[in-house]
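Below, chain A partners chain B and then partners chain C, in two separate complexes.
For the complex of A and B:
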């Protein structure tokens, strides 16, 4: 009899083990029970005083990707005191788990920029899933409109907004990219102002327009850069390729295509001299359009014409930034990093920056006229 | 002239062997010369017996000269004790008595001595014939390829119920004596009721009851045997089995094919890369699917995440049950095509693989991506050159899925690290299992005593 008893024991424990194996861990949630948030828009609320209106862009998975014409989204909006509150409220509005793990675009309303941004952004910097992959951008219209806008060129299982900013799709010097962690870092440290891209869209033609940017001044009115300024800034700061440059000299009209940009600068604060920044810019490229026949022997001349022109534009940009007392290039950061650390180093810089002189030298190397002779 | 009587030993033996139909006990006599034969007819080669024993008897002048003739035969062996004598007679020896002298001749009939084709480890280049089920033929094949006086062969009678011959082969100059002693001890300690094949024997040599990974290697390729003999390993052959055991082994032995030596470097490097990729795919892919769809979909690219999510629309069970189910069917299919006769196995694979796979996705029982994963896993399982390892991997990946279902990506990592720890802790006859053979091939071949 004990033999049978032992076997029964083994049998029961076997069943229990198998039953246990069919259990899952606590975080187990199948992918079809999650819904991916692909964009978050934050506007000031009209219903709640001092509140925020949060809009989520949610991806609806399609059974057969090939047969769908476009990615289908659904949108959730909610007004609340804070982003986190709105988010947790919205969890009760969907049957699936809101998954921020793929959320890369956080779009802010322009009005929010001049207020304290710490509070709305705090939720994202604390949230594990999105903190290292999120891009921050500013909406030209409202954030809600921008988030809910679906361009015509959006096939299923992709999202247009991501392709703009991660260099897998379009690569344009007009598009600045600011990650959430950069935003956070620059917001908290001294000496550099954050630049955010501005997203606009054309509803009639169904496409986004991302060619401007805005420089944040924490708690104050931000400084908007025109698209040309954005281009210059981005090519110098981020070495953005595909830089096109239009030159009008007498009756010569040239469009240059620059594919390599090098920029270095030095802050010189010698005794007895006005502090100045020596900036050296080298651009390499080819001619991509012209209204005249060009000679390759004259390439250097065209380069020089371009250089003087670019120099002027860069000077304009730098002075404009200086006048508005913003520093997206991070000159202040460089100053802090290269001077002996002392208590009031930033106060010094704040005194120096408005009267600093810029000394820009541009060199344009043209590799060819672009024509096979 | 005294009447010649049947020798007492014969009577004693035959009473022990009886009743057997095929036991033959014949007296030979001519002109006062007498001899007695005792053998079991079904295991003795009749022709040879006739040629080498019976005919000479009638042609010899005297009993003395016949006795000395018998004594000079190459297949004549010493008479062991009675117990072993009985075993010998039942395995094809002929006992001859001339007066008071007894002789034992090995005239056994072996019908399974053809050399087998390599079925389990086929290669494009290299030897196409394996070894034989008959141990003498096997030893012959190995000796033919490894002509060195230092190749030692020791035979041991297995202490099981069938009394098979087990042969121990090693190169005396290259072997580690401690290791050899260990192998011999293990073989002496062998306590198994029935040993039928190399796989069997390996299991008993291994001693442990629960093992995940094989600690000895089974092969049917003579070139692999010779390669390993040359590297100072022990080869254990057992009569009646078309494979031999090689010991000690390390993990990487299981991942090498003999063909690696027969190709140019680039081809070998590429195939080795393929093999290790295959190993990781078939080990990790099912668990990765579970981890990525159910715990950390953030790891996937967005496009893939949406496609996976779309594919899972309508799938009723959670991902890991889906994986278990599909793997189960895949394993059934593998098992079935292995057991089925060759003519039918093609049909089984088609019906099972194609029709079932398509139908399962059509019926929304699994996602399309699952089917792709399962087929990738099934294919890459077969990339592992030694079958024992690929069987082991098939089992281990189930454990990894359990870990992953419980703890997600972290569980998969922990499970995998556990696996590596297990491998690092294991040893095969004193050699660490995960030892990395840093020496290059030529050095390894030239290596003398370590």
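For the complex of A and C:
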């Protein structure tokens, strides 16, 4: 019997070793037979009616990155009825397999936002193999120009657009990051409007500018936020630090650098009262610039001056969003999350939101006047 | 409670966490899943307790031996056959769903036969091992995978992109009448102890579970069940998950390791759970094979000294698995699993407990007779 067992074991291990021969790397296609897509831009098409123009940014395979002087990207554009159609058409334009597995940025044209975005975005989430942690953004000019634009600060083998959004390169409260999975969940669930960053670029000086954002309204005209509004929104919603804040009081001029933001709110809908949202904001930071000598003992006073100013700005932002009937903070979501489920809960919220009152309380804790007084 | 018994229950839960359970639960999200969760856990724990304590009366005996000793053959044979087919089906569903996940997400260009064959060759090696060795194998694999699973879950729970409002919306659906479908699915989820029908052969000194071990088991099961349902909703949105076929793949693709060697958690995740899936299939099909070979035994099917019944049965396992995996659609898979959970699972539980009670009674009266004689 032991001999039988030994023989059986030998037989099975033989089969397993033979099975290893079937595993030839990247699913039978080696890396030199693939070309990686690094960015996708989607524009409305001028040639095809109701069609889309899809632009791909492709990484050109290079032997040695160190010897490359300039960027080594190549670009493909094609007009077609849909994203998938264009993509499969473009497969016939390259000799290698187009691989979306490394794609991290999807850039949309502004005009597309007011149409039904379901169709262009469906391709990316339906087709497995696209990263859901990719970034969705909006182009100020056209998506094609933005995707093909190469800034001067982009050395070989890096992609500037990734550094903007992944929180490892630049970290600025002006830059909003929306991942593809966030886009998907907000687009398909009720109660929160998606915010996308707007990418602009300066051709003469050769750099990107990402400091504005846009609030999507599914199938309707989107609402654009100015860069100051973007900053306030981002610092409250995503706790973005490095918040630089400018205050002017009489002849005192201060710039604060905020490194900690706390925000919580409650939706109060008691009988007989106008529904209201109580919002409490606490910001902690230091002074980073001033036109006068500051006194450490007056820190609280400076904080109060800053607080009233921030309160005004936040109120303006909230009222602006309410007037445009968009809800990027997700108040509607919170409303549903704190009440027992019922069928018409979203209809109730749609009735409540336009007349809700905001009650904002801001507290600014200044920890110091920087290194000097 | 023996730690190996613990592993049997744990592996069943972990392998199903990614497979079919989450989708069925999420489909019932606004028709009573939350209350079913609360109901199914105590019921599942009670059944687990009953099954284990009944098996303590038959140390070292599997169901085939127990039935042979205490019941006539015409009862034993159909029951064993029915059980073995049910176990085969349970293993097959895991095989199919993981094959689908691989072909959609990892190697879209690979032939489905290659994937299934790679799986079943490894599994075949597993199921012909002795019962004791499979338990040792499960310990080794659990020790290797649990740190990764813990890492991914912690990563998920502490991720800033996890929106707790969606989780709370899901929890707020507690006011709906529990649905039988979610209940039966969850019952299957925690029913790993049923594998004792064969694995009891190893446990020659099984004791009734102590209170401490039951509390520990309940806590771990509760955590895994809640995570299985709520974490995907926190990442994927409440309504937005409606059309997602593999909610946990989407969830793990929504996490990222900013400074990790690989940024996408999904690859760590799929690798870890593939190991668990193979282990779970090995356990389930081992039970199925042992039950089947206790019923079907061809005396004359011999080659030299070896009886060829078991290899013949394994070849049948292969052929059916290959045929069904090629033919079935994802819709058909979910449909058949639902039928299995809704109708066959309660039958299995009742028949199993019934048999054991009868056998226990028979054993007691036999004992008395012996004493009298």
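The criterion applied here is as follows: the second predicted complex is superposed on the first by the 344 of 373 C-alpha atoms of A that agree within 3 Å, B and C clash if a C-alpha of one lies under 4 Å from a C-alpha of the other, contacts with A are read in each partner's own complex, and residues count from 1 in each chain.
To be clear about the criterion, contacts are C-beta pairs under 8 Å (C-beta built on N, C-alpha and C of every residue); 3 or more make two chains touch, one makes a residue touch a chain.
All values reported here derive from a predicted model rather than from experimental measurement.
Undergrad: By the touch definition at the top of the document, which applies to A:158: first (chain B), second (chain C), both, or neither?
TA: first
Undergrad: Tell me the contact category for A:129 with respect to chain B and chain C: first, second, both or neither.
TA: After superposing on A, A:129 lies in contact with both chain B and chain C.
Undergrad: A:61 contacts which: chain B (first), chain C (second), both, neither?
TA: So A:61 only meets chain B here.
Undergrad: Looking at the overlay, what does A:99 touch: chain B (first), chain C (second), both, or neither?
TA: First partner only, chain B.
Undergrad: For A:29, decide between first (touching chain B), second (touching chain C), both and neither.
TA: A:29 contacts both chain B and chain C.
Undergrad: Classify the contacts of A:336 with the two partner chains as first (chain B alone), second (chain C alone), both, or neither.
TA: It touches chain C, and chain B stays clear.
Undergrad: Tell me the contact category for A:166 with respect to chain B and chain C: first, second, both or neither.
TA: second
Undergrad: Touching A:17, do we find chain B (first), chain C (second), both, or neither?
TA: Neither partner.
Undergrad: When the two structures are laid over each other on chain A, which of chain B and chain C touches more residues of chain A?
TA: So, of the two partners, C touches more residues of chain A.
Undergrad: Pick out the shared contact residues on chain A: the ones touching chain B in one complex and chain C in the other.
TA: Comparing the two interfaces on chain A, one with chain B and one with chain C, the shared residues are 22, 27-29, 129.
Undergrad: Spell out the residues on chain A that touch chain C in their complex, using ranges where they run on.
TA: Those in contact with chain C are residues 4, 8, 12, 15-16, 19, 22, 27-29, 128-129, 131-133, 166-168, 179, 181-182, 184-191, 238-239, 330, 333-334, 336-341.
Undergrad: Touching chain A in the complex: which residues of chain C?
TA: 30, 104-110, 114, 117-118, 121-122, 124-125, 128, 160-161, 163-166, 168-169, 172-176, 235-240, 242, 250, 253-256, 258-259, 263-264, 305-306
Undergrad: Which residues, counting only chain B, touch chain A once they are in their complex?
TA: 292-298, 302-303, 305-315, 318-321, 402, 405-408, 411
Undergrad: Inside the complex, what are the residues of chain A that reach chain B?
TA: 21-25, 27-32, 34, 36, 38, 59, 61-65, 71, 99, 101-102, 129, 156-159, 162
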